[in-house]
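I have a structure here, written as structure tokens, and I will follow up with some questions on it.
Letters A, B and C name the chains as they come in the text, with residue numbers starting at 1 for each one.
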Amino acid sequence: MAKYRIPILIAMITGCAMVIREFIPHYPFNILNTTFQQWYMIIACFAILLGVGSLLTIHGQKISRRRPGWGYSVVLILSFLIITFFGMVGGISEKGEGFIGSGFNWMFEYMYNSLQSTMFSILAFFVASAAYRAFRARTAEATLLLLAAFVVMLGRVTAGEYLWSQLPIITEWIMDYPNTAGQRAVMIGIGLGIVSTSLRIILGIEKSYLGGE
Amino acid sequence: MNTIGIWVAALLTLCIFSFLYKDNPFYKFAEHLFVGVSAGYWLCLYYHQTIHPKLLAPLFGLGDDTWQMANLVLIIPLALSIMMLLRLVPKQWTDIAWLSRWPIAFMVGTGSGIFFMGYLRSNVIEQIQSTLVPLRYEGNTYSPEMGLLGIIILIIGTFTGIVYFFFSKAHTGYFGVLAKIGIYFLMISFGASFGYTVMARISLLIGRMQFLLFDWIYPIFDISLPF
Amino acid sequence: MDLIEKLQYLDRRWIFLLIALTVILPLIIPLHLKINPSPAVESGYKFIDELPEGSKVLISYDFEPSVVPELGPMGTSFIHHCCQRKHKIIGMALWPAGQVLLESALNTVARDVYNYRYGLDYVNLGFMAGNQVVITSLGESFRKTYPTDFYNTPLSKIPLMNGITNYSNIDLIIDVSAGDPGIPYWVMYAGTAYGKKIIGGCTAVSAPQLYPYYSSGQLVSLLGGLKGAAEYETLIGKPGPASRGMDAQSVAHVLIILFVIIGNITFYLDKRRQKMRGKQAWKS
């Protein structure tokens, strides 16, 4: 009962409360709605803690069992501890002063910022490599895809305008009409899927989020 | 500290870029450093921005506002949050991890209720409404003929695209023809997405190169900026 | 190995080098290519321009440092424009690092350029966990959602926030977003539910998928990627990093198209040659 029925009941009550509030925005549904929303925000933070806990557990085990690459796990845990110390003791405000007060923002600006930006920027190289080696116009559909891509890529940069003055307006037209048509079809399909899945969860039919056993 | 910071940022950038030649210890070091710093950063932010002001301060009277009896109701989300963390307890110690289902069910139920109305209203009804429009172009971006052609294409493309996603019926005969037309519209959409994706990736590389050139290399050699 | 085979099996590191050069050279030697704003961007500029002076604009920074080259200039341009029109700015973030990026942008532009005063002309509410729940919660009450601002000051002590209860007191929402949570949630839970006007700025990856919202009128305007940012910079008369990057963008796009064409040509030539060799082997 406690393992299955109570969680399904919780999902049902909270889901219904959120839906009913749309139709009856008065007491008690407005209070319930606000309360559940505030609780959601609090519990969402602890979900992140769960992720951090898992990360530390995995890398801690790697270090204790001296698995290959354990040195890098030491780097991971040390950097985690250092920034957490700065953040918890010195605070996260940009106005922090002194070594400890400004440490958190320094690490954000010069480590987090640059590492994350660079991680994503190397994708440009792989996109270029994929463009050369993998994008083949083998079928009519693939050819149409590539032609649309060429028009959009040229039309969205100034080089395209220099090649043909009408290219930007044609690109805008493709985005406004054929692209919107295709994306709208996808959006409606996904929207209907989400609505039906949400309904199944609220009615207790869908139980996969509870996990096995 | 700024100069040291820029050198640290530049060297870490080059460590990541070194992966393009081949995988190496510098890249692995930078990668693990990134994961550790990210985890710590997110933890501190979530604590200072949400956990402290919304839970600990009102519950334990740590904030500026006067403590009220009604704040005791926050024991419920605190209890649910602790139950969430019980998921980390290994089964060999004690079988208590299943308690994390209660807060997960709370979040899934709340999220489902919000998604249900949001997606239905915005992504289904509004989008269908915007497709059922008169065959009359009233804008001034395109010529009247181009605009009218666009509206016709929008209606046909949306309809045939939705037909393609209907898998309960085999795509044969007239239904198959409609689905085939739908695929062509989807291919144009995906082509546009590919074009924009290339644009996005190149933009990110431009950003990093701007940093390396204008914030790191140019000041070292005292070169004036070209802008 | 002849030319076709060499091109077919080219080491990808040569491709990486070409792309790097294509991006670096136009940055060192700018081409000053002209940028013409598109209708989707102009509509947003016009909307902010026509808002009465002193309107309250909610700006949400929903992105991380990874997409700053695209969205940073966009957000900064929006703040510039709002300050030029003397609108009040309420900043917030649904992504953790967004609040720090927002803080930096507000200080650099609103405070240092336009002498905006914190608490009176602009405020940074900071990051709040909860994704779409934060957006729906703001529709009920700003103070319940954000008990304090980025500096842990209670909202009751911030003059700008007096009189701002919920969305009914906000004139425009600008969302600069890199994905989820982002523009779709703002459209769903603030735009469609509360009838608020929304301007969206997004990465180029998300832009095609958001065009239906712009087409249906659920978004007043949609800025996509570096080009969108560059167009807005041009409109407000403050060319910046986005405009400078467009030269490199143009050249890189032409190179990628050439890669696709050459790759396909070598592929089909190699395929034809293998077919011919197969026929000859069969005949002999």
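Keep in mind that, in the parts below, a residue touches a chain if its C-beta (ideal position, glycine included) is under 8 Å from a C-beta of that chain, and two chains touch if they have at least 3 such contacts.
Since the structure is predicted, the reported quantities are computational estimates derived from the model, not experimental observations.
Relative to the C-alpha centre of chain C, the farthest chain centre belongs to A. Just count the C-beta contacts per chain pair and the biggest one is A-B.
Separating the centre of chain A from that of chain C, both taken as means of CA atoms, is a distance of 16 Å.
One inter-chain figure worth recording: chain B and chain C are separated by 13 Å, centre to centre, where each centre is the mean of the chain's CA atoms. The centroid of the Cα atoms in chain A and the matching centroid in chain B are 3 Å apart. In chain B, 20, 41-42, 45-46, 48, 50, 54, 110-111, 114-115, 117, 119, 122-123, 127, 130, 141, 154, 189, 192, 196-199, 202, 204-205, 207-208 are the positions where the chain touches two or more neighbouring chains simultaneously.
Among all residues of chain C, those that touch two or more other chains are 16, 19-20, 23, 39, 66-69, 97, 128-130, 133, 136, 208-209, 212, 215, 225, 227, 249, 252-253, 256.
Multi-chain contact residues of chain A (touching two or more other chains): 37-38, 40-41, 44-45, 48, 108, 112-114, 116-117, 119-120, 124-125, 127, 131, 146, 150, 153, 156-157, 172, 175-176, 179-180, 183-184, 186-187.
Considering their complex, residues 1, 5-6, 8-10, 12-13, 16-17, 19-20, 28-48, 50-51, 54-55, 73-74, 76-78, 80-82, 84-85, 87-88, 98, 101-117, 119-120, 122-124, 127-128, 130-131, 141-142, 146, 149-151, 153-158, 160-162, 164-165, 182-192, 194-199, 201-202, 204-205, 207-208, 211 of chain B touch chain A. Within the complex formed with chain A, the chain C residues making contact are 10, 12, 15-16, 18-20, 23, 33-36, 38-40, 64-69, 97, 100, 103-104, 107, 128-131, 133-134, 136-137, 140-141, 144-145, 150-151, 208-209, 211-212, 215, 225, 227, 246-247, 249-257, 259-260, 262-264, 267. In the complex of the two chains, the chain A residues touching chain B come out as 2-3, 6-8, 10-19, 22, 35-57, 69, 72-73, 75-84, 86-88, 91-92, 102, 104, 106-125, 127, 131, 141-142, 144-153, 156-157, 169, 172-192, 194-195, 197-199, 201-202, 209-211, 213. The part of chain B that touches chain C in the complex is made up of residues 20-21, 41-42, 45-46, 48-50, 53-54, 57-58, 63-65, 110-111, 114-115, 117-119, 121-123, 126-127, 129-130, 141, 154, 189, 192-193, 196-200, 202-210, 213-214, 226-227.
Considering their complex, residues 30, 33-34, 37-38, 40-41, 44-45, 48, 93-95, 105, 108, 112-114, 116-117, 119-120, 124-125, 127-129, 131-133, 135-137, 146, 150, 153-154, 156-162, 168, 172, 175-176, 179-180, 183-184, 186-187 of chain A touch chain C.
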